[in-house]
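What follows is a pair of complexes built around subunit A, which joins subunit B in one and subunit C in the other.
Moving on to the complex of A and B:
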């Protein structure tokens, strides 16, 4: 993919006690809404911070907006709207002061968006940031990130602390004011239903490794859950098999494409097919990152090839 | 135009949009020449990716349900799809088969099943 806004090659960050990200190969196309999904501690936040130059990689390389994360992190920060996981800013400043402080840094800053979002999100502008609720802090962080006119938004758990009405509004303004303008949005989350609405690309990370990177539409169109029964002794292996689970004589297979072929192979082994059904993102996520699943081929190379 | 999508259903969202627009048009709630929301507006309304809406609109235009005036919006098409009868039958057959399977399983007889279809056609204003 040539027109990638974010691409990483074997990006790795090892802390003394943990491999936080481990050989990550991400590709975020221009204009995509990329849902970066993972469980708590999967490496999402470390990835975002590393891409922004806030944390230094121990291996591999990465480019954001064509800039090298090791050399150009100041420039990257300047053209990226970032909402951090912790939603921390200067506690003593009010939102009004933070806006005044920020707008000077960004040539494409939009005062009309400030006005729109302050009204829409009912943001208290005169209270010190440190005295705001988590929800209101989140809103102020979004206000600063969304108004700077950035071509890339990097949002780490963007809806934390927001009530359902505000979450819905945030999704709306992201679509209306940013995605429709061709901006790229990289959003890390474990709220699958929100991501499933607006994303067109999905990356699933677990234990610092990318388990899947694909178009969301590909999941809906080609991924299938196959339920079968039988005592097949020989274990079935196929490049399109994403995960499998077994409970006595019942088997659940998640396949990424060519489900018909897969079903024929199961039948050839004497298995009975009970159901072949489309899957949603939640089922894929649980299939890959779910706990009771011992068996994952874990080959991002093959899944990338389908994308 | 009030549509509703469920992104978690496993059915591609663009297909959900297509089906609902067809239903709204078939029911006569939108008539020939009525405008539809722009891709951007509908995407914002539904909180879905604009590409998804664009894809649904492309398919609807290909099927002759809507037409897009370059730079001038999207409207319900004047003519009903000029498809060959055989093509229309080909498209409906899988649905008919599904209906037949379900009604057999539920032990409805042919008469009762056909009555159901007639009722639904009646609901849409007796269009033929």
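Moving on to the complex of A and C:
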């Protein structure tokens, strides 16, 4: 992955009480829709804020659009559209005034796109931002980010407050209007179904560490969930093993490729294979970041992710 | 660009305060004009030769300028505090700081653009006080008109300092209410510290320090107020420290 729009090397952010980002190595390829997934407090928002200069890294380095985040944050902001998790702009200004305010910052600003998205998303332009519903606030935030002609869109929980129709519209706009023109979309979310619909790359973060970074297509084609029972295989290690969980004598393995070889190794250790199945993004996410419920003796169900 | 937003938020307040100051200045000028005519009429009918030598137009001007300088102090404090607490620091509590800091601009520009705009607005408000009164004094005599021009720069220096302090403390405390409280606390501390030290612990500060009141004028009711230019210059220097502190703060701000 040489043409990375976002690249981090051991990026670390430590607050007095928590390591919010812990040696993050991220690579977001140009022209991709990258789904950055994690549980609440996993470090997603801190990562975005650090990449945009809103938070100063404690260690490591990072480049956005080839620019150093410590030195070139104004240049990065010039080329990056950002929608924050809070969706908070100036309460006293209407959407029309916010467009006017924002326009001056971006040479590539497009008024024709403003017109298009105002009609498409049915944005009330004359009402003060402070009097808008959460959904309409979200739309205004997207309007400002989408019309600035950004090479990279960084969206933190982009669909919060949107109804299913607007969510669908937004996801289509992101793919059809932006990614199709070679732009990159970096989506931080825990709405797996939405990310799965548009993303072609996935990064899963937990406790500030990147647990997985892969193509979504890889997950669909090569990742397998292996359920097995037995007593001896808890120490098994393999390069294709993404995660393993044990609940009493039941084991759940998530493997990234060559599941057949892995199954043969388990059998060679005396394990009984209960099931080998393809997985979706939700199962991968829960396999990496999920928590186990206590197992009911004789029932392997809790080792199977519900996604 | 942020200054456009500041202008948008403060323009109605500016119009209101400027209008009020214009009215107060005009009413004061009208009062002085009427009194001048009373004096002039009294001189005309008096038989006392010493009163015939009195030039009431000078006293009318001196009175007007003194009244205006007295009125300016509360206007300076009020407008500086109101504009200061509605400066960029309040965006932390409103939640919009993330939006501001993700616009592609050097952060120092946010502070300095807003500071320049607000000082200009306070200058306009103070000018209205003078402009409201001066036409009436102008009707009395044109000889002393240059006196009115001396007032503004010195008062604006005090206003810039107070505004800068409020802007800095609002940014530091990330809240309008806390910024206002902190500013009032600093002003009271500054005003009462020398006398408190003197009264309670018998520590006398150097006279130059205790002279630094919020007013750069020494009112003199028998003539024009004298402007403490060295003190006004000190206000300018101190006043410039606060936007630099605000700049230092916002450049390190994490949200």
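The definition used in the following text is that the second predicted complex is superposed on the first by the 289 of 307 C-alpha atoms of A that agree within 3 Å, B and C clash if a C-alpha of one lies under 4 Å from a C-alpha of the other, contacts with A are read in each partner's own complex, and residues count from 1 in each chain.
By our rule, a residue touches a chain if its C-beta (ideal position, glycine included) is under 8 Å from a C-beta of that chain, and two chains touch if they have at least 3 such contacts.
Owing to the predicted nature of the structure, the values given are computational and were not obtained by experimental measurement.
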item: Touched partner set for A:74, first subunit B, second subunit C, both or neither; value: second
item: Partner chain in contact with A:106 - subunit B first, subunit C second, else both or neither; value: second
item: Partner chain(s) touched by A:176 [first = subunit B, second = subunit C, both, neither]; value: first
item: Partner chain in contact with A:228 - subunit B first, subunit C second, else both or neither; value: neither
item: First (subunit B), second (subunit C), both or neither touched by A:280; value: first
item: Which superposed partner A:199 touches (first subunit B, second subunit C, both, neither); value: first
item: Partner chain(s) touched by A:82 [first = subunit B, second = subunit C, both, neither]; value: second
item: Partner chain in contact with A:51 - subunit B first, subunit C second, else both or neither; value: neither
item: Common interface residues of subunit A - those touching subunit B in one complex and subunit C in the other; value: none
item: Touching residues (chain side subunit B, partner subunit A) in the complex; value: 7-14, 40, 43-44, 46-52
item: Subunit A - residues contacting subunit C, complex; value: 49, 52-56, 74-75, 77-78, 82, 84, 86, 88-93, 97, 100-102, 104-106
item: Interface residues, subunit A side, partner subunit B - complex; value: 33, 168, 171-172, 175-176, 179-180, 192-193, 196-200, 217, 220-221, 277-283
item: Subunit C residues touching subunit A - in the complex, by the definition given at the top; value: 1, 4-5, 8-9, 91, 94-96, 98-99, 101-106, 252, 254-255
